[in-house]
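You will see subunit A twice below: alongside subunit B first, and alongside subunit C after that.
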Partner chain A sequence: MIEFKNLTFKYRAADENALDHISLSLKQGQWTSVIGHNGSGKSTLVKILMGVLTSYEGEIVVGGETLTEENLLSLRKNFAIVFQNPDNQFVGSTVEDDVAFGLENNGVEREEMVERVEAALDTVNMLDFRTHEPSRLSGGQKQRVAIAGALVMNPDVLILDEATSMLDPKGKREVLESLKRIHGMKETTIIYITHDLAEIDISDYAVVMKDGQVISQGDVEDIYKDIDALESSRLVLPFTMAMSKALSDGSYMSYDELVARL
Partner chain B sequence: MLSKMLLGRYIPGSSVIHHLDPRAKIVCVVLFMIIVFFANHWTGYLLLILFVVSITKMAGLSLIFLFNGLKLILILLVFTFMMHLFFTKGGIVLIDATLFTIESAGVVQGVYITIRLAMLILITTVLTLTTSSVSLTDAIERLCRPLKTLRLPVHEIAMMMSISLRFIPTLMDETEKIIKAQSARGSTFMTGSLKSRMNALTPVFIPLFISAFKRAEELAVAMEVRGYQGEAGRTSYRVLDWQYKDTLAIITVIIFGVFLFMIRQ
Partner chain C sequence: MNIQLENLVSIYHENTPFEHLALNNISAEFKENTYYGIIGHTGSGKSTLIQNLNGLLLPSYGRVRIGDITLKRKTKQRTIHRAKQRVGMVFQFPEHQLFEETVIKDVMFGPKNMGMSDEEAREKSAYYLKLLNIQESLFEKAPFDLSGGQMRKVAIAGILAMEPKMLILDEPTAGLDPLSHIETMQLFQKIQQDMGMTVILVTHDMNDVYEYTEEVKLLNKGNMIRQGKTEALLTNKVLLEQYNLEVPDIVRLTFDLERKGIQLAKTPRDRTEFIKLYREWRDAHAE
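Now for the complex of A and B:
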């Protein structure tokens, strides 16, 4: 369980709060989508959780423990994150070297490293590429390697910050399939950040952000029904949703209802 | 064009050369850098060429591939050759124009020095092509470990090198993209005076710098969240395993050097 309590954060160079009194609680094993327009504060939120940004107001509680400077490093071990641009997160010059990077930093013994690297690459179906150069892989492959690098740490929580936004549809599908497998296998908590409403379908829970605030949260169905919030969120509504709005009195219709109506 | 550049690239493979310990490879290349200067007449230079060509073959790399990837460096070689051609005097006067003379010593010297330089470039390229940057920096780090007693930040330097090498292909691709985008907007890099060409390049470098800084920042965050805190408490995924064949490689290079030294004239 991760709780954000009244979290407020301002970048030193900025005039306005990047996060404005955010309160959220994310359950263990849940797949949460965080959705919001560009600049709504999604990345800031997870960077605070990862301890990259400090000096915030409010409180973060992870598994009953309040995040402080002292326990930051030990709590961070429960989290792993994959960023948007795969090219900017590789350290190793081969796939397996890169996946091993986090283990090396934590002083894991070599034999154990070899096993864990292999298992992680296998989970994302990239074992055949272990000696390849990351820069020569396709976008989807790169992100799967990055996910393996996160997964190898056996995190309780896997965070993806727009990790599929630079990928083509095929790459996106590959990554989502790997994620589903991981989510199903170990009940890893997933925080999936995106600005594409069409991607929240798979999640158990969704959080809509706008200008540093949470304007809506709940099950995916509830989010879809909250059309007012979505409209004000500056997000692009998926085609079906725009259709259903146009056809009805502005209330939500599920995909089936929509098809029946048409 | 830029994507074909071989600088900083690693080509995975399973040749003998690929499998040598990176420390052995570095020591061999350093020895070769000295040995190159032993050659002082055509047999020596011929042997140097043969040596490098056979190493290239052993590494499973084709010469054509190497030359294609080193085209930019060819300019440097031509320049070296020209310098000697025009400025080294001695021997028979071959061409006597009013502005310059070319003498036989200039031609000979030009050819020799160019071969030397070309062989040095080729051998270091073979080294970087057959050794991943991680192994390379790993090896440098270990070979330089004694320098730590002088308080030199050996690990940090090695890490910096490895990351810089890692980013060369990415930045090359990016440069190419920017050039294309700017050309599409009518920028001209290939025509006009030197000054106008320089001016045309400014819109390439500025976005490139901005993006490089952004990448660096993102990478720093990525490294931090993956637990990187410098060298303390780190283990290494790569094990360097010095074998019989690594010693043999060094001995071979030494023998070659001694032989080259003995046939000097």
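Now for the complex of A and C:
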């Protein structure tokens, strides 16, 4: 469990708080989507959790322990993160070298390393590409390799910071499929940062942020119900929702349901 | 000013073991005051094509005519420089290219480089910054103190201030949130219409291509597969599926309703038009 208690943060040059008295608790094994417009504070939240930004007010509790400068490194070992740009996160010359990087750094035995790399690549459906060069993969494939590189460390918490925002629709689907599989297999807590409302429907829980504040949180269905709150948060309704709002009863529905209703 | 591609061939690493044919004998035309989309899968040659349109790459064979300028295999630097002034390019994440101390200086860099006086460059820069809703109070700030969206607008103003005849947009909305995405696309549409400019949009987002462009060119593996009106090509489901491209949301929904027996008066071009046409159909078929 990760708890944010009354978290406030302000960047040095800024007039307004980037995070303004945020309180949240994320359950172990839960897939939480954090959604908000550019500048809503969602990435700041991740940076604080990862220890990149430290001078905040309030408290972060990870597994019952309050995050401090002393225990930051040891607690953070349980976290893994995948970033937005698929081209900025590779170190290895082949896919398997890249995924093995973290394990090599930690001095894991060769045999175990091979096993874990294989398992991680298998989970994201990239085992066939193990000897390929990362730079020659498609965006979706690159992000899946990046997820495998995170997963291989057996993190308790997997954070995806707009990991699909630079991908084409096919790449997005591939990444989301991989995450679904991980969510089904493991007890990993997933924190999924996004600005795309269409992407939160597969998560268990959603948090909506606007101007540094949490304006609503709850089960995804409840979040979808409050269309006015979503629209006033600089979010854009996904296609099916917009059509449902204009032409049907405005409830959240799948594309097939929409076609059936019209 | 039109751009003409005549039997354009582009080969990377020619005469080496890494030789790769990126564009295979392409002939095409980009007319004045038209909004084009270039579509095709990753590796289809889209990027190579647009780099040939402003002299970032020179043809291996064939030629590119930009008005009265001709680019060929061995065109001189001075001519290439003139081509670059005519065709402005907005790359992915243009804000990464900001470098000056202040917003206004950054926008003035291009025009001054083209030989404009300080005063003239400042005037043009101020005009385009204001056009993009960057207020005068921000002109003397460091570009890096602005928000991401504002930085992107400053970078775009820097390109517009050179007053190119044609604007190429390479995935201009990558990484933007959906609302900024819409604002950016509407901005380019306004620029295209107000300035009567030719705009070429390169993107994977088939919804944008369908909603904003008038003409489409479809590339696959370095070949020009099809050129034509956007509404003709992007409603051709068989063609799109054959080349692994997404059917635009509106088109997909219109077709799926047709299968249910709901025949709209025409295939709508955007959400608003869809809603209007669907309501008309519903009213006409009300008991």
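Keep in mind that, in the parts below, the second predicted complex is superposed on the first by the 241 of 262 C-alpha atoms of A that agree within 3 Å, B and C clash if a C-alpha of one lies under 4 Å from a C-alpha of the other, contacts with A are read in each partner's own complex, and residues count from 1 in each chain.
One rule holds for everything that comes next: a contact is a pair of C-beta atoms (placed from the backbone, for glycine too) under 8 Å apart; a residue touches a chain by one contact, two chains touch by 3 or more.
Please read all numbers here as calculations on a predicted model, not as lab measurements.
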item	value
First (subunit B), second (subunit C), both or neither touched by A:229	neither
Partner chain(s) touched by A:113 [first = subunit B, second = subunit C, both, neither]	first
Partner chain(s) touched by A:96 [first = subunit B, second = subunit C, both, neither]	first
First, second, both or neither for A:127, with subunit B first and subunit C second	neither
Per-residue contact with subunit A, leading partner among subunit C and subunit B	B
Which of subunit B and subunit C A:138 touches, first, second, both or neither	second
Parts of subunit A lying in touch with subunit C, wherever the complex brings them together	13, 37-39, 84, 138-139, 162, 165-166, 168-170, 195-197, 234-236, 239, 242-243, 246-247, 258-259, 262
Footprint of subunit B on subunit A - complex, ascending	47, 50-52, 76-77, 79-81, 83, 85, 87-94, 96-97, 100-110, 113-114, 117, 131-133, 135, 149, 153
Interfacial residue positions of subunit C with respect to subunit A in the complex	42, 145, 147-149, 174-182, 204, 244, 246, 249, 253, 256-257, 260, 262, 271, 274-275, 278-279
Subunit A-touching residues of subunit B, taken from the complex the two chains share	9-10, 12, 132-134, 162-163, 165-166, 169-170, 214-215, 218-219, 221-229, 233-239
